[in-house]
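In the two complexes below, chain A is the common chain; its partner is chain B in one and chain C in the other.
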Partner chain A sequence: MIRSWKFWLVLAGIAVVVGLFAYGFTVDPKLVQSPLIGKPAPDFTVTRLGGGETLHLAELRGTPVILNFWASWCVACRDEAALLEKAHRRYGLESGDVRVIGIAIQDRPEAARAFAERYGKTYFLALDGEAGDIALNYGLYGVPETFFIDRDGVIHHKQVGPVTWEGLVTQVNAMAGQQQAKR
Partner chain B sequence: MRRTTAGLIAILACVAAALAAGSAWAMSEQELDQRVLEISDQLRCPTCQAISVKDSEAAFSRQIRDKVRSMLREGKTEEEIRAYFVSSYGEWILRAPKKEGVGLLLWSLPFAAIVLAGGLIAWRLRRATQKPRPEPTPATPDDAGKARIERDLRRFERGF
Partner chain C sequence: MTNHIGYICLTAALAVSLYGVVAPHLGVTRNNWNLVRSAQFATILNLGFVFAASVALMRAFLTDDFSVSFVFQNSSVDLPVMYKIAAFWGGMDGSLLFWELVLALLSAVVAYRYQRSNREVIPYVIVTLSIIHVFLLGLLVTYSNPLATQYPIPDNGRGLNPLLQHPAMAAHPPMLYLGYIAFSIPFAFAMGSLLRGKLDNEWVVTTRRWTLFAWFFLTVGQMLGGQWAYEELGWGGYWAWDPVENAAFMPWLTGTAFLHSVMLQEKRNMMKVWNMTLIIVTFGLSILGTFIVRSGVLNSVHAFAQSEIGPAFLIFIAIVLVLAFTLMFRRIKLLESRHTADTLLSKESTFLLNNLLFIGIAFTVFLGTVFPLVAEAVRGTKLSVQAPFFNTIIAPLGIGLLGLVGVCTLIAWRHSSASYLIRNFRWPVAAAAVVLAAAALLGVRHGGALTVFAVGSFTAAVLFMDFGRAVAVRHRQGGGSWPSSAFQTVMRNQQRYGGMVIHLGVVFVFFGLSGNYFRSEHNLTLLPGKPVEVAGYQLLYKGMKVYPEGNATLHAAELELYRDGEFLDTLHPARSFYPTTPEPLTEVAIRRTLAHDFYIALASENEDGSATLRILVNPLVIWAWFGFPLFTAGIALAMLYKPRTLGAPAVEKRLGLAGS
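Right, the complex of A and B next:
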């Protein structure tokens, strides 16, 4: 039986709509590619949680940076705390290849300090200001989010959600390899 | 006496100037609030689903509204403020797509659909008006009809 062109037109329309829905279900609407990848990391100056040392991101040029955004009220941040500390000890303290920095957002200093003590964070921790300038400059959607900044101060990768050890190692190696390739 | 009057006039002038400045400041604050609402209505709340920064009380939305306000105070234009958020969040942060590139295609789709639907309706109407009209049913019955009416009337008068 030969169908009319109207039948095929309606069928094609339905197929397009169903295809779009099917595609929509395969992607996470929350995962938006950051426009900052491949761009210079927004600069900031912060004071260490608890006072004392001041850190200016631009002064770390020449050292890859793992910049982690977290908060004491963030449940997923508990899962990754030990991994970031491990990365700090292995790549920061032992080899000095990488600097790990944690910026707490939308948090209170005492709560952030208590969280750091409870989960044994010894790397550089600071608090974003009440205006959230650092979080907004980095286009944060929530916590945890982690940016991998290469030796040139360029954002190499952004991890949305808690990091994994494999992910950390992969990104650190990728930043090291990228630098070797440039040489 | 003349000095006292001059002093009084000077004080009154100062009070009037202060009041005028106060009302001007209040006006500009109102305008600023309005501008913050207008711009934050164009921005998507980063932590919500399909809600504008204007309509959201999430911490990120509050910080974005404060950022818009401080940028307006610095004299930044609406375009510069939008560009700042696009530079850190991407086009995603804008609730309406830009009227260029793929965004222009998205904007034009509803208008194209309206034009297409209008064209289809006009085409169907034109076809309907061009069809030959069926012959009207004659108002007066033919012979067979007359005979049937006569028969039915007789049956009615007999009382079925």
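Right, the complex of A and C next:
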């Protein structure tokens, strides 16, 4: 048996470090909480990809918004493309409860359009400005990231990485429920 | 077929390594040296098997054999040959095999080289190395077999991550690996000495050059990594305190501390427990580095290399550390040394301070790296530790180390007097004052930069003065010409002057780093044909060019750079599109001068024909790269020095230190 207290101190140190890393496996390092949650969503005006219609975020007050940041070069965005389209059809077209918006960042218009066609996206798509102002205002780490903005224009939740169907439904219901509670 | 043979070779290597764990110990307890010899042979055989498996994987890459799923995931038909080779270590499984290959090579060198010397500890050195082999090969034949095949066979692979398609990327991981892995050798000798209970200075003297070797490759590996980040990531810096950079930096710090503190053991028989601790920690951090890179436990730019074998690494680290420290404390009586630093004003105490600073920096880096995990475990909050934390603490400690190089060079072993120091430091301090005044006159206003200039020129002056004096003495006594006196001085004490050249390189690196204090950044959108003034240059955008390069298509902005109306250069910052990945990559254009790098990244090409550029003026960067040839020359010189393979008492007697 080793009597030295230093030895036990070293062992304790090893245990703490190893324990910490073992704990690290159980959590996702990418889920840094956005400081924007609970704050008003930064406003923007964009023109629909392919021209025509413009959209001013502030005018959507009263309708919850799913704001998805994507890019044609982003691999994970392909995985979630169908889900966002499904959410748009279910909650946007059918019941009109939610508006789905996709903002492409660091993208070329033709590539973004090709991507939208390939994945059959029909919801409102637009390009971020040249300087990436919208991405900067929302403190984007990368794509995809999705913001859930409630009826009052306040950011309710932020999803880093591709969305899941369950996640979308949960957030849409949460935004609706929150509204009912207020009434 | 070859792939299956390769896999069989890996299993055979595992069997041979298991033999290497058991046989040497049996040989020692049964006093049968043939068993030990057989284990040495097994170590060399292991290299043969691992090499054969590596050849099989390399063959699969070079012949586009996509039946191997690792090749499918990391290569493609159109990939340039150089990157097909580099793809070997571009992913998890292959890099693990590469690690095993390098360790097998170094182990075989050890087994071959020390057949007659170090007879007492070598059996246990083989045992230690074999345990590491068993761990790596165990992973290779189970969880991460790089030769695993798939069916049906795809026509083309997914391609190598374009970020990794950079010349520095072909060299940076192997260099880092060599560095990490080479620290296994001093570690194995340390463990061998502990297991055998032979705790004189033999292991330190034997592994001196191995340590230098490891240090060199770890240093070069990190510089190349910085080079890659600088040219490929497009944000204009070479170091971001990313967890993976930190993971490579920590063993470098403790390894550098070890490199210095073993000199105290070699020369003064001090710090035996400390050196043992440092080598254990350095080895542990080397594995931790791989663990952090590969496990994805911390968020990082290196996330492309994640895999599921993190837990296995973590368990291995825990076992290694617990066993190593248990052993050390069991033998602690044999390690306690009789000497301490005699006075504050001595070379010994500058070495202690050196170690304190290195460990302080390592601890800061460690804390900053794991703090996000701590915060989450304790408070449940997600956060990330950013560069300002590291810079604030580490910059002053680093500058302290830079100054310490100068002080340590001039101060004497055992005892120095204050008057001696004042006499010796007069000229270097004067040199520092002159440089400080000159820099201030030239318009450098930043306190941090001025401090680096002053401290750096002090240290450089000390180094030149010290060398000049030694040459002058030899010239007076030997009567040879000045160049031959200089040559003789260096050759008489290769270790000392190798160290001096490296330290001069350190001064250069610091000088280069100090440019960070006054860099500037400009974001511009340029229309074709309209010149723009930026940071004293005139920039003319000619238009966008699209052309193929390798397997990529480049969209490059053609820019003409002028200064005071005089044409300097045409630069082509670009975005490159790879067929297998839709994500465009930034290809920066850099004009390097001694004063600064003019660094342009193409942010976007716009529909109206304009181009948006991110321009950085990075002062003095090039000076940091000048450290590189000096490190190489210094290490080469220091490696020429043959440490005496004598026990400590004999060394002490020779140095006239016995009984002191």
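Criterion: the second predicted complex is superposed on the first by the 179 of 183 C-alpha atoms of A that agree within 3 Å, B and C clash if a C-alpha of one lies under 4 Å from a C-alpha of the other, contacts with A are read in each partner's own complex, and residues count from 1 in each chain.
We adopt the following convention: a contact is a pair of C-beta atoms (placed from the backbone, for glycine too) under 8 Å apart; a residue touches a chain by one contact, two chains touch by 3 or more.
In this text, all values refer to a predicted model and were calculated from it rather than measured experimentally.
J.: Chain B versus chain C on the shared chain A, clash or fit?
T.: Aligned on chain A, chain B and chain C clash with each other.
J.: Kindly classify A:P35 by the partners it touches after superposition: chain B alone (first), chain C alone (second), both, or neither?
T.: first
J.: Between chain B (first) and chain C (second), which does A:Y119 come into contact with in this model arrangement: first, second, both, or neither?
T.: Neither partner.
J.: Once the two complexes are aligned on chain A, which partner has more residues of chain A within touching range, chain B or chain C?
T.: Between chain B and chain C, C touches the greater number of residues in chain A.
J.: Once chain A of both complexes is superposed, is A:V10 in touch with chain B (first), chain C (second), both, or neither?
T.: Touch partner of A:V10: chain C, not chain B.
J.: A:Q106 contacts which: chain B (first), chain C (second), both, neither?
T.: both
J.: Does the superposition put A:L140 against chain B (first), chain C (second), both, or neither?
T.: first
J.: Which residues would you name on chain A as touching chain B in one complex and chain C in the other?
T.: 32-33, 106, 131
J.: Which of the residues in chain C come into contact with chain A in the complex?
T.: 291, 295-299, 310-311, 314, 317-318, 321-322, 325-326, 329-330, 332, 370, 372-374, 376-377, 381-384, 523, 525, 581-584, 604-607, 612
J.: Provide the residue numbers of chain B that touch chain A in the complex, in ascending order.
T.: Chain B reaches chain A through residues 46-47, 59-60, 63-64, 66-67, 70, 85-90, 92-93.
J.: Over in the complex, which chain A residues touch chain C? Could you list them?
T.: Listed in rising order, the residues are 2, 4, 6-7, 10-11, 14, 17-18, 20-25, 27, 29-33, 71-75, 106, 108-109, 111, 130-131.
J.: Which positions of chain A touch chain B when the two form their complex?
T.: Residues in contact with chain B: 32-36, 42, 106, 131-133, 135-142.
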